[in-house]
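Please go over the structures that come below.
Shared chain: subunit A. Partners: subunit B in the first complex, subunit C in the second.
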Partner chain A sequence: MTLLLQALINGLMTGALIAVPAVGFSAIFAVLRYPNFAIASYATIGAFAAWWANVVLGLPIIPALVIAFAIAGTVGVVAEESALSRLRGNGALIVAIASIALNLVLENIIRFFFGNDMRGYDLPLMRDMRFGDLRIGPQQLQSLALAVVIMAAMFAFLRYTRFGKAMRAVADNPDLARLKGIDPARIAIVTVFLGAGLTGVGGVLIGLDTSIDPLTGYRVLLSVFAAAVLGGLGSIPGAVVGALALGIAEELALIAVPATYRTAVGFIAILIMLTFRPRGILGERAV
Partner chain B sequence: MVSYVIFTLTLCGIYALLALSLNLIWGGVGLVNLGLAGFFAVGAYASALATGAGAPVLIGWTAALAVGAVVGLVVTFATLRLRDDYLAIVTLGFAEVIRLVALNERWLTKGSDGISGIKAPLKAELGLMGFNLFYLGLVTLIVAGIWLLLRRLDGSPYGRAMKAIREDQQLAAFAGKTVLRFKLQAFALSAAIAALAGALYAHFQSYVSPDHFQPLITIYIFLAVTAGGVGRPSGAVVGAYLVVIFLEATRFATEWVPGLQPVQVAALREILVGLALILVLHLRPQGLLPECIPRAPKPVPSKA
Partner chain C sequence: MSAAAATILLAVEGVVAGYGAAEEILKGTSLTVAPGEIVSIIGPNGAGKSTLLKTVAGLVAARKGRISLKGADVTAANALGRTRAGIGFVPQERNVFGAMTVAENLEISGFQDPGGIRTRSEEMYQRYPMLAEKRRALARTLSGGQRQILAMAMGLMNAPSLLLLDEPTAGLSPKAADELFEAIVALNKGGLPILMVEQHALEALEISTRGYVLVSGRNSREGAGPALAADPDIRRLFLGG
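Up next is the complex of A and B:
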């Protein structure tokens, strides 16, 4: 029983961390209609930007997160406008392939300057909190709180601001949105900034738990995709639900299978979901 | 130097097979397989294990073809009915899972140590140089054979139906084409070719390990097919040779840049590969040898 409860808690915590980049990915997918593989490098760039702010400049973690958001978002917009936006007319698959190439370029720029070494954030060490037999790390709890606040801010933005409403309008029906005078190019830029920025913040939150290297983003890419597909590709609330479901599924499966197969759990979960309910938990039609 | 050229040309042939595999599915029915490296690995391990258990090399290669096709069907069965983006995501995940299995199931794959001592056909009889030349000839012959076959396929009614599906699924379905069946068959055949490439690679190197099947290979093959021309088997083959030459050229070019660490040299080469793919997509998306789409036949004047 304790084992299950502990797995459930751990699952919710890792799920909440995956949810942040998954929301970023889904926002870009919802508006621009292509799966952006470059989010892996945006997550890595965010993680390194926060590392630089935290270790080199000595800033605490919250300003470091803001810097990570701004830098990852800016890199995302510049990369999108220079390497991807002109390919949109050639179909989603071509943009997706270009985003894989873009990811390779950005990941290796990081590798060129920082090398393959693992780096850790400068954080105070804290003892795990115990509740009876259950253990919770204060660092994880802080990351969880940050993830919740960031996602609440994102949902408030989408719901209450003009830009947020315009983004949802474009996602829902681009032609109708244009008729209403919404400029799709501007919405695209704002969306990519937000999406890449969130992904960058997600990279930091995931790195806080362990360490970072140029492959930090690539390692979470499959989990992010799995979360987005489980929740329903293109649905932002779906990405959150999918990420939490994935986190719990991973932790429960790890009771039975070795930890090295964590990524495989997401893959199997996608296959099962696509076989029985392709639209995902909260998604639109998938055919 | 001669053995370097022979080695590179053999690698060209193996990449050409992978490019033909990708072109069949991408240029054919318009789907992408981001798990090419995974199918490549499946074929390599299937043949290595089969011949390791005592089977002759030809049986090993046949096993690779069969296992590749079956795995391809199992993985994509649920996904082929859905939008194309799902297939992209699932195949990417597949390649990663294959790598994890190869790394962790030590009883089967010897983990990161890899399988060594894979049978090299006729190596004892021909000597090292003779074997390398023989193998280069064999691989080139297989590439030529599959290239011819796929060219024939492109011109056949089957190939035309595939391209109709690529252009407009609904219209093809309306014209009575069984879209899902075509996709399944094309994917299975494409996966089998990639697996055969893996088997050829394994017996050439006599050694396979999970490190040989990095996702990077998939990107190389995408570069090959886009640079050569999507939808044309000749383009895929030419593209594969060009990509290997390009990769080797970046190796020499980056060595000339002074004062770089080895990790920076490696990073620089990968940056060049990524930039090349982005540039080709922007500047010449139809590739060097664009697909030739035959003119529709003139309507036969009806006799009054």
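Up next is the complex of A and C:
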């Protein structure tokens, strides 16, 4: 029973961390209608930007997160406008393939500047909190709280702001949005900035849980994609639900199978969902 | 031409347009709309009626010809530019944001002028009380007639100089269609010129100032709405007898 409860808690923590980049990925998909696999490098760029702010400049984690958001968002917009947007006319598959190539380029640029070494943030060492036989790390709790606040801010942005509503309108029906005086190209830039920025923040949260290196984003790419597919591609609440479901499924699977098979859970989740409910748990385009 | 038609609001002159590279749906179509008019475009299936409205709205590019609004050439402007110039277009299908509430649909339709959204939304709620009752409902949950009313109200949120309606009564029950025609007449009486394409051709002509008959992308007939509705040839074409 304790094992099961511990797996559920760990699953929720892991899921919440995956949810942040999954929301970014889904937002970009909802508005631009292609899967941007370069988010792996945006997550890594965010993780390194926060490391630089935290370790080199000595800033606390919250300002480092803001810097990670801004830098990952800016790189996302520059990459989109200089490379990916030119290919949009050729269809979603071509842009998706180009985003894989872009990911490799950005990942190697990070490697060129920072090397392959693992790096950790400048955090105080804290003992795990114990609740009976259950253990929770204070850093995990802090990351969970940050993830919840960030997602709540994203939902508030989409629901209450003019640009957030415009994003939802473009995701729902770009032609109609254009007729209402909304410029989808401008909304696409805002979306990519937000999506890439959130992914960068997600990279930091994942790094806070372990360490960072040039493959930080790539390692979670499958989980992020699986979470988005599980929840329904293009659905932001779906990405959160999908990430939590995937996190719990991964941790529960570890009770029965060795940790090396953890990645297989993501593949199996995508396979099951695409076979039985291709629209995902919450359905497509709910944004 | 009526006194109202003395000044031209919209002029479409010899427009050629289509979807594919070689396909021409409109083959030199022309029409005008004057302030205060309801103008209907009727014709058999495939005549290019909806394409003509989409071309005026800027969703389909005109390859030849000229489109002007209030004397200004808008031929080169895209849909966004035409909206900003004062053309409001209500498409036949997918004309509301289904995943957003009624209130959000109205709000987002006034995107160009955020300062005036609240006032204009309240105007729409007063004009169409059903929208006020359903303001928190998702647009995709509305009935066909309710959705058309919402779509029309959305078209009004940017305070257009001209409203284009693409088959507004398509798929509606006869009662809902009659109510929508009444709503269109009421809007026009408030001073808004309307250019519409309508399947219920005779009913549309009866409420129209003028009408155009389009056949194979070309102008076939034009005249006063009620006169066209009473014309035996037109009645034979649309009633089959």
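Observations on the structure shown:
The rule is simple: the second predicted complex is superposed on the first by the 284 of 287 C-alpha atoms of A that agree within 3 Å, B and C clash if a C-alpha of one lies under 4 Å from a C-alpha of the other, contacts with A are read in each partner's own complex, and residues count from 1 in each chain.
Quick note on the criterion: a contact is a pair of C-beta atoms (placed from the backbone, for glycine too) under 8 Å apart; a residue touches a chain by one contact, two chains touch by 3 or more.
What you are looking at is a predicted structure, and each value in this text was computed from that prediction instead of being measured.
When the two complexes are overlaid on their common chain A, residue A:260 makes contact with subunit B while staying clear of subunit C. With both structures placed on the common chain, the touch criterion links A:270 to subunit B but leaves subunit C unconnected.
In the superposition on chain A, contact is made by A:165 with subunit C only, not with subunit B.
Between subunit B and subunit C, B contacts the larger number of subunit A residues. Touch criterion met: A:173 reaches subunit C, while subunit B stays clear of it. Contact with subunit B, but none with subunit C, is seen for A:226 once the two complexes are overlaid on the shared chain. Contacts of A:83 after superposition: subunit B is touched, whereas subunit C is not reached. The intersection of subunit A residues touching subunit B with those touching subunit C, taken from the two complexes, comprises 286-287.
The touching residues of subunit C, counted against subunit A in their complex, run 57, 59, 78-80, 83-84, 88-89, 91, 94-100, 104, 107-109, 111-112, 114, 154, 157-158.
Every residue of subunit A that touches subunit B in the complex is listed here, in rising order: 34-35, 37, 83, 86-87, 90, 92-94, 96-98, 100-105, 107-109, 111-112, 115-116, 222, 225-226, 229, 233, 258, 260-261, 263-264, 266-267, 270-271, 274-275, 278, 286-287. On the subunit B side of its complex with subunit A, the touching residues are 30, 32, 34, 75, 77-79, 81-86, 88-90, 92-94, 96-97, 100-101, 103-104, 216, 219, 222-223, 226, 261, 263-264, 266-268, 270-271, 273-275, 277-278, 281-282, 285. Residues 162, 165-166, 168-169, 172-173, 175-183, 285-287 of subunit A are the ones touching subunit C in the complex.
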